[in-house]
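Everything below concerns the one structure shown next.
Chain IDs A, B, C and D follow the sequence of writing; residue 1 opens each chain.
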């Protein structure tokens, strides 16, 4: 029983808490209608860790931090150092040790089979898959460069090439960004921006280091991009050499190309050609992403402006009276504001299944509807069903909700705010009543099916619950007893007014 | 009573007049269904100004103008001046005085609490919040630079650094643009363009001034970007030095990079690296915004062209007769033109609630429908309901509105223009009647439910009111007496034609 | 009568033939429901030309050609010539003469009032409006430069400044492109591309000429962009000077900035600063437009690929049998192909009003449906209504149209192709019949409301007319006599099979 | 009979297997309703190959490979070689031979007439069309350059110009990319990327070769872009000359423009002007395409993030209880994941015609529904129709599917997973039952039309079949006998519970 509970909690975690684990579903979703075809194991075997284990996730995040260090240090060592130097060499080996531990750990982490979408926890299969895919590259990129120098023939520039191999670890950063983009705890915009900035900075750094490497190892130092501009550039301080390399790299990347530094020999030209081709794609990628974010970020405001413009144009063209124009604009502005607040109530609710929607309505409106005089004494069942059909709405001040003589299609419950009942006689509007919070209006028209006797106009910002006539009647018809109670409630409350109007 | 009125007028202002105040709603919108949970104060306490007060708004707008001055003068003083000079120094202190006044005023301006969305007018809370957020920076950026120089140790380049602190005021410009974008009184396009231009110009100016500062304060003037190109550059006129700095700044910003001016020492390179990285983002941002505006601005025309192309292709593929092709195209062109005029009638109306839509229909069509022979003598209620259901349409010349023998689904009232009634017999079309402005047609088919006896074709551009049969019958069924009147009207008017055709 | 006809023909032209005249509608569209409020004149007064007159349009197009000449020659003369030279000076004056004629003509062309949308033909109002808007600039830009030189004081560089004034005429090109974009006779893509190319070429040419002007008129020729690179540049041939100016202009515009030519003195720098700021906007505008066109041009293909990918994924995930997968893909491919052919039948038809749709259906399908055995002897009215409800469809080979035992919801008429009737018994499929062109199938299920007795499968690409059961029954119910005829036709034809199955 | 079969197989191939053949349809699609107007030949005449023949396709693909070779070698020979050199000259002539063969073959390949959309196999018409369009250019581009040199006058630089003519073959690459974009076997993204890379590389290569050609053939070698930078550049190795040309070409293309190499004489400037104008368009095209791909590629994730954000905002604003918030988010996450897996079940299914949808439902769910106790003993027809109406859904753990007292609108069959039946009494929830795989729930509410007696909540990830009440009743009403069986099944199974609740 407890293991079952544990499993359920696990699944739950995949869904609601740990949004980053976008693969988790794959192991769970069976094909449609396939009761007997899949044979999912209920529990991972001992000693094997789930890839969605929170502690394993933290370990992975920590390794990503180390990768950022590697991404900076590997090109730097390749370009500017000929052999291990003290502070960096020590840190490098500590970092290598962590990645060595991760190689061992990976043998005990279950994986998802891409074809069957099952979580595989057989240690043999895990080992086989790892051996087939990334094991060799992981091991090679973990060998300390001192060891490599000792083993390999000396004329190999092994130090540099070995450090460059460590960039293999960058795949982890890429995977991390793909995960963060789908994680609702982080802003999509900032994740994208960070990714673009990381890619750009790494490109600049990497190309700068390679450029320096080419200049430093060319047979004729004066025929290099650095030597042609600065004599004896190798005797400059490390800081000046590094800054100059970065400077050239970024002058090229931004396609500014002042020209004070430029490739001189064929080798540099060839590297620069490839760098420039890459830049062409990178620039387009940066711009494409930025455009995407700008378009997405301004969509709502643009849409609002279009609506407002169309409404204003329509009103002016047809010379609508001032009051109607103001009502139109106030309504549209209010709608946009409630939407841009991130509510977008209706769309959000519509995307949910009926049961959740009902629960929400019940939570928000039940106690309110329960106190309405019309529903005094009716069964809980009916109230529950009515509440599910209600829609909340905000209405700006001075807007007409119901017009006198209109065919009745909706009734309303006032949640907050205030509305006036207005009767027009001989062209003069006269306020004949006020609706209080928690009162219902429009019910006489709906229940007796006759034109609305009053115009109803908001006095201030008002929140209403709207109930459609057809939905209301359908529910009441299925609960005959309750229907009678409602009619009685109506008659008692409106006896006088109904007598004069004859329902 | 009067305070209540005042409050309502205030709310009204937030909605329809003062579209810039996009935050106003936050203080008013209670959560859904939350009658008792919030406790909104009806009125601000004395001495506290609402942030939506029109006079406070004007004061803010005036300060934004001063910020534009600061944005230009601060980098300029930082880069080109070592100590206060007469005309600028005086103006600076006047501007500082205005901002000092604003600091005092801010203590008396209510603010919106972000979590509860209430307008807070408690002076203590206002002071506490201001002290926690921007007070220190506001004060520091207001201290006159002469005072700063007197207080701080002399070897500090206090003048420059103090003026640069004033750029803190730029946050006001950013807030202003965010507000203008949502303000319907200003064109969205021009607000965006202005924003982009301001950002670009400020970047150019700022970077140019910093570049000059770096060159002017480097220990070896010949090893600077300016000194390497021009000897004794410090003795040039201020105009030449300013223009040259701006020139270099913008040559870099547009990524042209002629190369006549370029960083020479490490400090300049480092600054240029950061400037170039910023430029990379800025360029992408400019292009992204421009793309956004272009896509948005051409959307309607593109859509129209697609529709026309599809219609033409369809007609040619199926070898439709010339007359039908022309009808199709004329109809689509007319539809696009009425839409692009900013009317977009149907979408605009559909976004509005029913009561407003009914008011509009009533205003536009009531007097017209009232004069139609068919509705002579019917009750106002019925007319009101009929008018709400009517849709206005423009029809291009020579288009068939109704075809002979078609099942009747709609009836029409002619508003402007002219239509022919055509009867086809033995393959020959014969005009048997003309409909005058204010007449109804298609009513015989709809009321007697029999195939339309005539083809109805427009003679020129025609405006119609369309009334759907189902909607019409629903309304009439609920008003039995009026239904009889309508039928009588019909019979009297069409006695002869109905006798021959038997309704 | 004839004038009325003429007017109608005129209106007709605005709509269908002369798509370029997007303003024509403004003069015709009255506000909604506004019968008495507008007072449109039926005919233009004598001597006044309509702006939509075809001959006036040709004249305008001819003038646009001359503007292209002016756009090239004006900056050229400004930059490279000090006084009128023979071939150009003569042509210039001929061109000026044409524009002088146009000034006179404009006094006789009606215009559209922007607020009332009426075509104004009162000569006084026309003159007043022209005088207020463009008259002065039009006249000044038409004065021959020889006259200007004679009148104005000699030390004015009148020749150059006068030619530059002629660029005022460019407003005509801008108006032309706005018109062409909406003209369905020209490809939207090519109009946009042409516009962008024209803008770019003019910018390059204009800036190049100004650059040369600045160099040629600077007091110290060696301190100019040209003089710093080439000694005695003024003695070079006109061709070399022109090419070099263009070269620098475009090197800057594309932001390549080799740096062999660059501003040297402050005046050049200031001009270059403004040029570069303009370029920044122009580049963004070019990219924005290109993105817009690319996105629009690939939208359909991308959508198709998404659909296919989703279908393939769905099929593989649920291990659907091979035959079903093929049916799905064949159907989706066929749908895309018919759509991308520019047909988009359904969308096109849905955008049209009912009468036009009925006419099209009648034209395409009437003769076909008339020959179907089921409708032998029924009235034309019924046939007409049936045809309006029919939808044409293409079905790829081997696709099931009807499944055995399915609830009957549609009947079909075979237009082209071939289908098999298949009955499945004991798991074995057996072809029990073939449907010929012009035959109907599914009618037994629909008329007797019983599960379909056969599976119907296409043998090759097949075109069908689909008729919905509900729509069919609605029409037949309103024509009782015809309903009996149809049932009789059904019984006679299917007597044997119905007896065994009992309808 | 066999030929007929063959033809059908052919057509089938066009649709499902050979997605690349987007033109195939044109020959098959007759106009709507046009039975007698077209006269399509059933079979191609002897000796004529269909353009959709698989072997002909392979031949075409092979030729495209040769075109890639030509695209590289033609500009290279034009720029760097004065006369044929041994290895290249031989390969060139072999390639020419292949294209000569293709010219002959083309005379035997049917083509599609663009106006009638028929596949033309008349050899005379084929020859006539080929002669009118591409024949001359195809032949000229195939003449070996040695022959050309022998025939034409010697002072013609015939070698270079003849090789440049071969670029005419590039039209094949363009056609290939257009085809691949629509071919579902290749990723749309990679096809577009490859196309952009090919265009860029060819542009760089082509411009580089032309640049070298201009320098090598200028009368004064020191006044060329190459000569000004490197003395005696013609004596450099071919490798250095080629790399330098490419380097300059790409420095210009990326608009970096270091300035170490730049046009010197007018001829080079003129060519560079055209190159730069082309680049301006190319860069915009690259960025436009990249933006398009980025926008398309991130659309789904962005949409998901928006939905989640709106839901979170809604929940926090209205202070929904924790449990409801989690249900909302879990539901939305699950929905996104199933969608992004490429399933998008509902959209995919909705795009298919009813018969295919029914087949899929039948395949997936029939055996499952057959075993449900409620449908024991009912006819196959009814089951078949029920299955067609069922919708599959995944529900995350702990979500309420049905709420107690809710109006019954749907019944469900449990496919996988587990759900609890919960009854709430006096505010305490109590688990009163469990539903097993293959069981139905919600059926009592649906069949007796009374409020649901239980809340139904998932225990883990659950797959359900949902059946709408209205659809269910419609089907059962048309099969009265089966309806009785279902009611009996219901009564037998739920006798006790129904007795206490009275159905």
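In this text, a residue touches a chain if its C-beta (ideal position, glycine included) is under 8 Å from a C-beta of that chain, and two chains touch if they have at least 3 such contacts.
Chain identities (UniProt): A, B, C, D = Potassium channel.
What you are looking at is a predicted structure, and each value in this text was computed from that prediction instead of being measured.
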Minimal path length between chain A (Potassium channel) and chain D (Potassium channel) through chains that touch? 1
From the options C-D, B-D or A-C, the pair that copies A-D, where over half of the contact pairs coincide: C-D
Roughly how far apart in rotation are chain C (Potassium channel) and chain D (Potassium channel) when fitted on CA atoms, stated in degrees to the nearest 5? 90
For the copies chain A (Potassium channel) and chain B (Potassium channel), the interface residues, called same if over half of the numbers are used by both and different if under half, are different
Rounded to a whole Å, what is the gap between the Cα centroids of chain B (Potassium channel) and chain C (Potassium channel)? 26
Chain centre separation (chain A (Potassium channel), chain C (Potassium channel); CA means) in Å: 37
Would you give the residues of chain A (Potassium channel) that are in contact with at least 2 other chains, written as numbers and ranges? 32-34, 255-259, 287, 289, 291-292, 295, 317-318, 341, 345, 364
Chain D (Potassium channel) residues within the chain A (Potassium channel) interface of the complex: 200-201, 239-240, 243-244, 246-247, 250-251, 253-260, 286-287, 289-295, 298, 301-302, 304-305, 307-314, 317-318, 320-321, 324, 326-335, 337-338, 340-341, 345, 364-365, 368, 392, 394-403, 405-407, 409-410, 415-416, 437-438, 449, 451, 459-461, 463, 465
Going by the contact rule at the top, pick out the chain C (Potassium channel) residues touching chain B (Potassium channel) in the complex. 7-8, 11-12, 15-16, 19, 22, 25-26, 28-30, 32-35, 181-182, 184, 188, 252, 255-259, 262-263, 266, 269-270, 272-273, 276-277, 279-281, 283-285, 287-289, 291-292, 295-296, 341-345, 347-349, 351-356, 358-360, 362-364, 380-381, 384-385, 388, 475, 478
List of chain A (Potassium channel) residues in touch with chain C (Potassium channel) within their complex: 31-34, 37, 255-259, 287, 291, 317-319
